[in-house]
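There are structures below to look over.
In what follows, chain A forms one complex with chain B and a second complex with chain C.
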Partner chain A sequence: MTETDLRTLGGSAGPGGGADGTSDMVVIENAVKHFLLPRRAFRRTRDHVHSVDGVSLRIGAGEVLGLVGESGSGKSTLARVLLHLAPADAGRVVVDGMDVRKLRGAESKRLRRTAQLVFQDPHAAMDPRMTIGESLSAVLAQHRMGTAEERRKKVEDGLREVGLDESYVDRYPAECSGGQLQRVVIARALLLGPKLLVCDEPTSALDASVQAKVLNLLSRLRREHHLTMLMISHDLRVVRLISDRVAVMYLGQVVEIADRDQLFDAATHPYTLALLDAATPKRPGSEPTVAARGEPPSPIHPPEGCRFRTRCPLATERCRTQMPPLQAVAPGHEVRCHRWDEARAALVGEGGLVGEGES
Partner chain B sequence: MAALLEIDRLTVTFGGASPVLDGVSLGIAEGEVLALVGESGSGKSMTALSIMRLLPEGARMDAAAVRLGETDLVAASEGQMNSVRGGQASMLFQQPKRALDPTATVGSQIGEPLRKHLGMSRSAARRRVVELLHDVGVDEPERRARSYPHQLSGGLAQRVMIAAAMAAQPRLLIADEPTTALDVTVEAQILALIAQKKAELGMSVLFISHDLGVVASIADRIAVMYAGRIVEQGPTAEILDAPSHPYTQALILCSSLRPDESGELYVIPDGAGLERVSSGGCRFQSRCHRAVEAHVEHHCASREPELVAAPGGTSGHDTRCWAASTMRESA
Partner chain C sequence: MSLLDGTRTSALDSAPAPVRVARSARGRRWIDIRTWPASLVIGALLFVVVVLTLILTPWIAPHDPAAQTLSARLTGSSGTHPLGTDQLGRDVLSRLMDGGRFSVSIAALTLAISAVVGTLLGLVCARRRGAFDEFIMRLTDVLLAFPEMIVAMFLVAILGASQSTLVLALVLGGWTPFARLARGVAIEIDSRDYIEAAKSLGCSKRFIMMRHVLPNALSPLMAHAALRFGHKLITVGALSFLGLGVQPPDADWGSMLADGLPYMSRSPGLVIYPGLAIFVTALSVTLMGQGINVRRNRRT
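Showing the complex of A and B:
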């Protein structure tokens, strides 16, 4: 089945191609999203959480961009900004030629058909009181697609495509394991024939064997549907598997972005190097290594200057006062660090990092 | 080495259902770190809770013996157990903020075992709390002692839990997925801290994790659980480099996230799931492809294998698999 069927049912998905006459599916320019905190007693001003603070990214049509960062780095907020679930405060966000900050009414429905989201916790993403069939049909009904009969058929086809038989149509979410339900969520996301799939930690809640299964499924679906993807994960290995390019976020900013192999073999930002080190399989009996000091500061009051400097082993006076710009250090490789040219030599031990010594 | 903790044929049942733990036996030597590894639902946490006698209501625990040092934990009264918990044995949890009392300051929670188990005065306890917080790498320990749990980040809360766990200088630390909820850079710090505290105090650690990568650097030995049973155990390097049980092999393969030539990741075949219903055969049988290859499938279907010395392994490397001996050559 599938792709053609989905497209026909998906209706006229609008102009193909991408934004700005190029082949970019996603263009984000200087996106800013601050969340206002509740007013506190005896304070005149209200604090902001600087979740996304001037992020610019492009994702080409058919490309998979991996987005890595720790909790509070703003990666999930960026996903929500992209899908207009948390409208950006400033900047430009374009998905498949649509300026999502200007969408109204029927146009926002077109965004929903174009871009879909897969969440971390599949149990939280499904209505526990609806059968899987009801939940999935509702998506189609919302977009006025097909008769009840056609919808049921399409839901069954969609479930089959993710490896679940039609018996799942009448099951409730509670009757499914996490891995099965994540496949249901993926099937739901694909029902409308989207071009862009945003996956927010899609396998973090799953056991190792189930994680492998879901990742295999995502790779296959990506190929078969020519999907553009934003793959958000804190797990570098997951991102490495499935991404063409990788961006690393820290406290609301992109600190490094490069082609996958360039990032894994030649990262130069101290934070990326710390993440890579943490993800390196340790040898039995080896001492646990600690590559970044302390914990991420609060995104309410990010440090002046370079935001990573409070944890960075290479920080200098200049890092304290001057925020480094995101600068190109190689074709397609940008880094936000004053000392990027020394970082690798200074921080990579003889043990090497992820990826070295492997294929 | 003398075993500090000894568990002999521990079985836990809820109502009439098949047991969640079925004849689990393990020992931890003085100063040793044993990692208990397995997927969700395999029985890792139930094992930990059994040791502390903190099983949920409705659970029935049977064991030939559960012994910590000189204390018989099966026969111990509730009063004796209270002096074991937080005294001889302490526990870390996956969600440190949920394990801490939200209505009490950090200092009073760390101080509690000091006063209760060591009989310290209030002011002596207060001084010691600051030392303990300092020892686990908390900045400004005096100020932090006056904080409430909601004012802490996840990593800081786990440090506080470790300080509280170390307060009465336990002989056994049970760490149940202590870094799973933390960011990777913080996870590395907490692992290093646990390793450091273990070395300083010479305590034993039962380290529970679903992540083989995490335990590699910290464990002396690994025990792998599947469907309420230990299916393999042995020295860390041997388990990771030369696993004998097909489930351990499969777990290592799919944890590595390395695609094969066709770009696919290894996936453990679907079977009847975490099957505890004993049809009499091996519990992993429905997902195992080794049985047929080794021509022992009649054994696998009819009788559950015993946990016996792994062929070719060093002493202390045990496996529960009929095919293990023939598998070695074919692997």
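Showing the complex of A and C:
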């Protein structure tokens, strides 16, 4: 099979996918988001942070795409680009048929009703001076929905749906625990009846005991509301639990994307392998099987060629000069690596990685 | 993978999390004095006493503040003159009450105007940034470079001593700290997640400014206003002390202090009582400001 054939199978082909394209809730093509750094003395040019650097993704309607990567890899920025909170500098971002970068006025309100965000820290995501009821009904009021009475009812229904009784309406955020408040944030995100829910590390700030409950809540809501989700996390277990497909980001680029089981069982990118290895429980004192050496390089001056080469145990001269393309290696499985075909064999012994065969 | 195992067994989690008995937030609004911190109670009590006295002065003052009894000058306290008389035989208590009306109202008026103008300008700066922000901030630099007293004396010299000149002069220097504070706080609040949440939920810019930024910026602004009130009161007094405020025979606390100074050794009350009046009033407002801050922060 030629590479082109595989690309088509991969579902991440170029625009104009015809009937296939209409079922996509999210289409991101070559999205770029740079942040300008403050001007420095005696320098003519200003530096950029390459937060998102040419990312292309699709999320089918009703699908949950997991997005993993280290901090600073551009996961959260990608979420902001998707919701037009940090407008992309270049590329195309389409949510439910709307070109996000071209929305004006009333159309942008439609985007707000279609796509919503769940935050990492629920205490930071709620205004401390407003009761939960005030916060939630203000959202409905801003969209001119219903009378005050209807709004209150809708807020109570929304809270009940995430497992909170109506006593929460009159509470302040400081009077709730993190888990309770994350439910409130989820209820608020669902108030406007969105089709797409972007969850930015929704469990990272929560106690371990609460994480599982919030994840279960999210997967229940996903079923009941037929939600499409982008689940951002650095926790592979979270992503594995809830995602249909998983994308791995490194320094602003997608380096590997595959169906969940394919990714966890047959990942081929050295970075993905290192992530999986790091998440595998080990005996104390034993060396990591696959190591990503050192710290990730600065996104202000990303390395030439392959961005992972500075930490990659398999890096060659070619990796230094030539940036590998995202190429399809199996149906629905794409990898950005020159040596993907040997990476797995070279890095993983017979033992395998992260609970392989366990799921 | 204990996390995963745990979730599988707990199945669907729709039961409400255990809730401690929820006291309704409505039962704990501002009205309920029992929830006030002590500083707020004491401050408010003092302030109400001062303000009520000043309002009721025309009816409850024991004497006409301008009536002179030259035979009874510089007397100590007595039955007819509880705080004694001044160098012209005028009743000190009546003059204190009458003069306070001027001092406190000027201080309150200039403070209110400064706070509102400064806060709004600061919020607009934080929102717009760019050239407008730069212009306003450099303007505050210039105004802050001149001491308030110099500006006031300058204006009084040009426009002549009057109440409106005094207010104008005090507002001119008074709005700048509010603008800077409001701007700084608003920029900080703008970076919070709940502002991003409001944006992603499609709330209007006006809503975000009035319902999120302003209420959250209010607490430091109010604390600042309370501190400035005492400062204003003293400035008004100082200007009157220099003869730039109220003109004789009217009195205010600052001019009474100034007038009493030469007689301090014979009749110390002439200096102590106006000073005490300024002190108590300033203290009451500062205490209230502190109490309000404590009260607001408790919830967050």
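Couple of notes before you dig in:
Just so it is clear, the second predicted complex is superposed on the first by the 325 of 359 C-alpha atoms of A that agree within 3 Å, B and C clash if a C-alpha of one lies under 4 Å from a C-alpha of the other, contacts with A are read in each partner's own complex, and residues count from 1 in each chain.
The criterion applied here is as follows: a residue touches a chain if its C-beta (ideal position, glycine included) is under 8 Å from a C-beta of that chain, and two chains touch if they have at least 3 such contacts.
These numbers come from a predicted model, not from an experiment.
By the touch criterion stated above, A:L117 is placed in contact with chain C alone, chain B being left untouched. In the superposition on chain A, contact of A:S23 is made with neither chain B nor chain C. When both complexes are overlaid on chain A, the residue A:T321 reaches neither chain B nor chain C.
In the superposition on chain A, contact is made by A:L275 with chain B only, not with chain C.
Residue contacts after overlaying the shared chain place A:S167 against chain C, while chain B stays out of touching range. Contact with chain C, but none with chain B, is seen for A:L192 once the two complexes are overlaid on the shared chain.
In the superposition on chain A, contact of A:L241 is made with both chain B and chain C.
By the touch criterion defined above, A:D127 lies against chain C but remains apart from chain B after alignment on the C-alpha atoms of chain A.
Number of chain A residues touched is higher for C, counting chain B against chain C.
Judged by the touch definition given at the top, the superposed model places A:K109 against chain C, while chain B stays out of reach.
Comparing the two complexes, residues 177, 208-209, 211-213, 215-216, 237, 241 of chain A contact chain B in one case and chain C in the other. On the side of chain A, the complex with chain C involves touching residues 83, 85, 108-109, 112-113, 115-117, 119, 121, 124-131, 138-139, 142-143, 163-165, 167-168, 170-172, 174-175, 177, 179-180, 183, 185, 188, 191-192, 208-209, 211-213, 215-217, 220, 237, 240-241, 355, 358.
Across the complex, chain C meets chain A through its residues 1, 3-4, 6-7, 10-17, 19, 22, 24-26, 192-194, 196-204, 207, 211-212, 215-216, 296, 299-300.
Every residue of chain A that touches chain B in the complex is listed here, in rising order: 70-71, 177, 207-209, 211-213, 215-216, 219, 234-235, 237-238, 241, 274-275, 277-279, 281-292, 294-296, 311.
If you check the complex, the residues on chain B that touch chain A are 39-40, 139, 153-156, 183-189, 191-192, 195, 210-213, 216-219, 235-237, 240, 250-251, 254-257, 259, 263-268, 273.
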